[in-house]
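Structure in structure tokens, see below.
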Amino acid sequence: MVESKEQNEHLRDIANLCYRCKKCSVICPVAPSGRFNPRKFIQEINLETPGRLKKGRKFCDTEEDIWVCLTCGQCRVCPQGLEIPEMVREIRKEVREQVPNDPRFTATETHMNIFPIAFELMRKNPKPAQKQTILNQYASIQKWPALEMAQTGSIAYYPGCFNLYEHALVNLHVQQTLTAYAIIRFLNLTGITPVVANDYCCGHDALWAGDEETFLSFGKRNIEIWKAAGVKTILVSCAEGFRTLSVDYPKYFPEFSFQVEFAADYFDRNQIFKKIRGFEVKCRSIVTVHDPCRSGRLVDGGHYESVRNLLQNLIFLEIVEMPHNRDEARCCGVASFRNCTDYARDMTRKRIKEAMKVGAKYIVTTCPKCVSHFQCVTLNEAAALKAKFGKDPPKVMDLFSFIYSAYNANDLL
Amino acid sequence: MTHDVQVIQEQTATCECSEKSPVSAVTFTPHTNEGKFYPHILMFCCNWCSYAGADLAGVSRFQYPASVRIIRVMCSGRIDPAFILEGFRRGADGVLLTGCHIGDCHYLKGNEYTRDRMVHVKPLLQIIGINPQRFRLEWISASEGRKFADIVKEFTETIQKLGPFELKE
Amino acid sequence: MLEVNRDPRVKLHTLTEVKKVSGQVGDFKLEVLHNPKYVTDKCNGCLACVDTCPAWGIDAYNERFSPRKAIYKAFTQAVPAKVVIDMVDCVRCGTCIKKCEQKAINLDEQPTTEILNVGTIIVATGWDEYKPPKGFLGYGVYDNVVTQMEFERLLAPNGPYFGHFARPSDNKVPKSVLFVQCVGSRDINKNPYCSAGVCCMVSVKNSKLIKQENSEIDVAVAYIDMRCAGKMYEEYFRDAREYGVRFIPSSVTRIKERKDKSLEVVLDINEPVKQIFDLVILSCAIVPSTTANNINQVLSLQMTPDGFFKEYHARLNPIDAQVPGIAFAGVSQGPKSIAESIMQARGAATSLGTIMHKGSFKLEMIKAIVNRDRCSRCGLCVTACPYNAIILEPDGIARVNDVLCRGCGTCAAICPSTCIDLRNNRADQYQVVIDKLFEEESPA
Amino acid sequence: MEYVKKLPNVVVADDDLSLCTDTGADHIKKLMNDNKANRLVVAACTPKTHLPVFQAVLLGMNLDPSYLEFVNLREHLSFVHMKDKTGAQRKAKDLLRAATARAALLEPVPVKMVPVKKSVAIIGGGVAGIQAALDLAKNEFEVHLIERKETIGGKMAMLDRTFPTDDCSI
């Protein structure tokens, strides 16, 4: 905790490095809405004396609506290296402490606030969900082979909040269970039995909504659970989970001593698919990769190539790139299930249109939130998109769900 | 929403036909009833079928446990899974959602939405770590007073077997 | 009927179908399609054309028992009293054009569309007779098995036998007649409901009419139970028995034709008994008109599982539809007799007349409201709304039509932005109730 | 009763044997006026039958009729928990607590008037359609009688004679 506070002040101290090049406000997808502008936000910080700023009070009644920022990190183009998303997060936390029911905060609620409620319930719960049981139930329903999962071991797979989105956002086909199943199944096929612990949600959404308390309680218990299981390496397939575990956990928990690896990286580095006997999967389709901010811009060294390399394993698959890719990837529109607004939706639409213009039949990504937001548009506005482009909108899938579906069908069109 | 005067007049009434008003001074015993676990169940009833069913159960004097707290909604289609989680968050031991039978909805197909949406509630509870048996979806028509009482009885027994909700503060 | 035609305030649109309905109470727009009659309004009904017409078709009015010309008037008292041409039967010889003094015939008439702008709508789509599947109790195979409506024509003075009924196979007066009740009704495999006793009463009436015509004829009715509930109905039933009609509590399961075209019927009276009848009449169920479904597709009202329109409330308001400004009359809402149909029709006229007389309709505004600032323009509420009450404005923001919205709240539950809610049934109001219900101790 | 009085926002609570009578209404009016109350919670029978009664009371006081919250103490409580007095007591308290809290959040429901054209379309020219057309035409409304077939009359015109008077159908 002490550490993070120092970090806060440090973040702010460098706000005066800004020389108003306006790169951030030009690239910021929210700025045109007129409710949030990163450059103005930095200026607000600079205008105040550090003493007043410490309490974040300024932002309780400023015009800059810090809850509107998507923390997508496109503003990281900053030539002075200002971490605007991180700053926003710190300010959010302070504002939340001072005004518990900030009307501007409640105004960003989406989905009847189901996710914060679910997280609060999870937090209270001393006995989290039996993930192994749920996974094997899923396997038996699908009539797929059962998974081998260990209770203790050195390599763990962290499914994160697991199938929460899948069931909270009905009809959007966010196949989180399939993703988890696919990864464990592929690992099993190469003789690896990963630990799947009954861990908690990583606390990403709570953290970015300024609710540090929930985040800390999740983190603490997760670390205990992993320690008890004797885990050394943790594989994370979800981009948000990866960012939280690899960047935020070490920052907040000095005792965090695990090696965190992005599942796609691990698969690529160890050539998992090459090791699976008879892995000759045909897939006559065209995919494009949407790079989520959480596994790209917002972590060091953007994990872009591994995803593409894994897709190369599929025979006949054509990978096309959208004009904005890798570090410049456009935002899916919504972060931490807040602020589903018209401009947020326009962003989602724009990204889908980008994918359609390059002729993709599938959009493959690694973030379940990107999947759900893209699906919301492709499924609900299919008719309008079809009218405009003369073809069906692309399907959106998680990387591992996509590969597993192709592997299962051996020719996914 | 703000009001200049926020005052409420309270009336407790009993018609000649009803029992003596239960709101007479009886000491408040929290949480247990003669040593037995006494569940609190949140129940949503749609205005047109289930609420009328509950009324019929009343008029017919079908006795059922005093565990349910009924909230009247216009249509079961109004119920978002968030309401159910909200109930658990506030400390309900179980949540019972009732609506009109499929095809019988006062609002054409509101209950079909409910049905489709509620398929996902049990897995959702499972992942949060709540026993899915604590939630139930039932169709009760306005003429099924007996069924209403039976379902409440049965569900209360289920919850009693499960014990108090683990996450209650 | 004639009165309707004479009244200047009633516009008759025959051979017309409703294709599309938009708008709401107070201002409905009906798109109607006028099918061609091929005869203009100049026709004075002299019927000279009918005599000259060389082409023949089957007379739908007389069920299947008699032919009619391709140019025809439906029946003597038809309203409007003009002829029409059935293009299926017409050979386009043009004889009628030459014969017509009024120059009223135009064989090249095309269908036309018209928009009717009205304040309210009455749905009176009526009914059809249940047609038994071919071969069921010999229907459609044996000539002398007919349905009740067909028999009405055999009996009618303007029917094929001019009021002196005969059996269809040999045009001879039958010696014995059997009515079979509950065909296609009260049967969970066909129609589970009872047609409200109408078919019972029709059989009582027709059996009595046969006896009045010729008391020599043996008339029997095979019934499950006679449902003669209504004013003077029981007395009417007693009358029939006094005329000598035999009412046999029995269900008929098998009918076989004999060489002389008479029918061998197996009646189950404690044990199977064979009896011979010359004519068998099937008292078939009343089923919703085939057009009811089409009409419902344009009006999107609610139907009960049996296909009749669903009223607002079975007890408290059996006349109005759930959509304001629409009412039901007659069998469209459920099987009923003529008297009941007229009762409901007058009820519907009063119900809608009240609104129209007042000139305005009062709406309780427990309706969905949209928080325009938060709407993400996703359109999910539009697809969720059962009443099509929500549309997206040109700028993409959802707008609720207060008249069509009935306040179910389905949209509120589906909205991802939590921006649409029901007035006075808001989520925060529910949440406060949930909160307070489970508060452990009293705050005081 | 004592419990209810202590709840937040409650200014007055009283009981009466028959609230739905005129005297009951007067009683409510007097209490509300004396205590300057502007929301009413009725804890009695089912709102499905008695809501309009108490809405009328509020209307009589120039208050919006939606400022009314109902607690169903009869059908949902005293009738069904006859043997469990303690449980019923607790449930009643819970319900009243929730109802008073909700009452504070009630909002006025406006009433909207929409103009209605004085014309009617009747779909179907059978006996019911004809009768409705005649009735409405007599009331000077413009009637459009829409019939799918070439003549009006429907099934009725195909009948010979009709029960129970055996008169001609046309």
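Chains: A, B, C and D, in written order; residue numbering restarts at 1 for each.
FYI, contacts are C-beta pairs under 8 Å (C-beta built on N, C-alpha and C of every residue); 3 or more make two chains touch, one makes a residue touch a chain.
Only a predicted model underlies this, so the values are computations on that prediction, with no experimental measurement involved.
Could you tell me which chain lies farthest from chain D when each chain's centre is the average position of its Cα atoms?
A
Could you tell me which two chains share the largest number of C-beta contact pairs?
C-D
Hey, how far is the Cα centre of chain A from the one of chain D, in Å?
The computed centroid separation for chain A versus chain D comes out at 50 Å.
For chain C and chain D, let me know how many angstrom lie between their CA-based centres, rounded off.
31
When the centre of a chain is set as the mean of its C-alpha atoms, what distance in Å lies between chain B and chain D?
23
Averaging only over C-alpha atoms, locate the centres of chain A and chain B and give their separation in whole Å.
37
Would you give the residues of chain C that are in contact with at least 2 other chains, written as numbers and ranges?
366, 413, 427, 433-435, 437-438, 442
For chain A, give me the residues that contact two or more of the other chains.
Chain A, residues with two or more chain partners: 111-113.
By residue number and range, which residues of chain D touch two or more other chains?
Only 3, 7, 93-95, 98, 100, 105, 107 qualify.
Which of the residues in chain B come into contact with chain C in the complex?
Interface residues on the chain B side: 28, 30-31, 40, 42, 69, 71, 73-75, 77-80, 83, 86-87, 90-92, 103, 106-110, 113, 117.
Sort out for me which residues of chain D touch chain C in the complex.
Those residues of chain D that touch chain C are 3, 6-8, 66, 93-95, 97-102, 105-107, 109-137, 139-164, 166, 170.
Can you list the residues on chain B that touch chain A in the complex?
Going through chain B, the ones touching chain A are 80-83, 85-86, 88-89, 116-117, 119-121, 123-124, 126-130, 166-167, 169.
Please give the residue numbers of chain C that touch chain A in the complex, ascending.
Residue positions touching the partner: 373-380, 383, 396-397, 413, 416-418, 427.
Considering the complex alone, what residue numbers of chain B touch chain D?
1, 3, 5-16, 18-26, 28-29, 33, 38, 40, 47, 51-52, 54-55, 57-59, 61-67, 69-70, 72, 149
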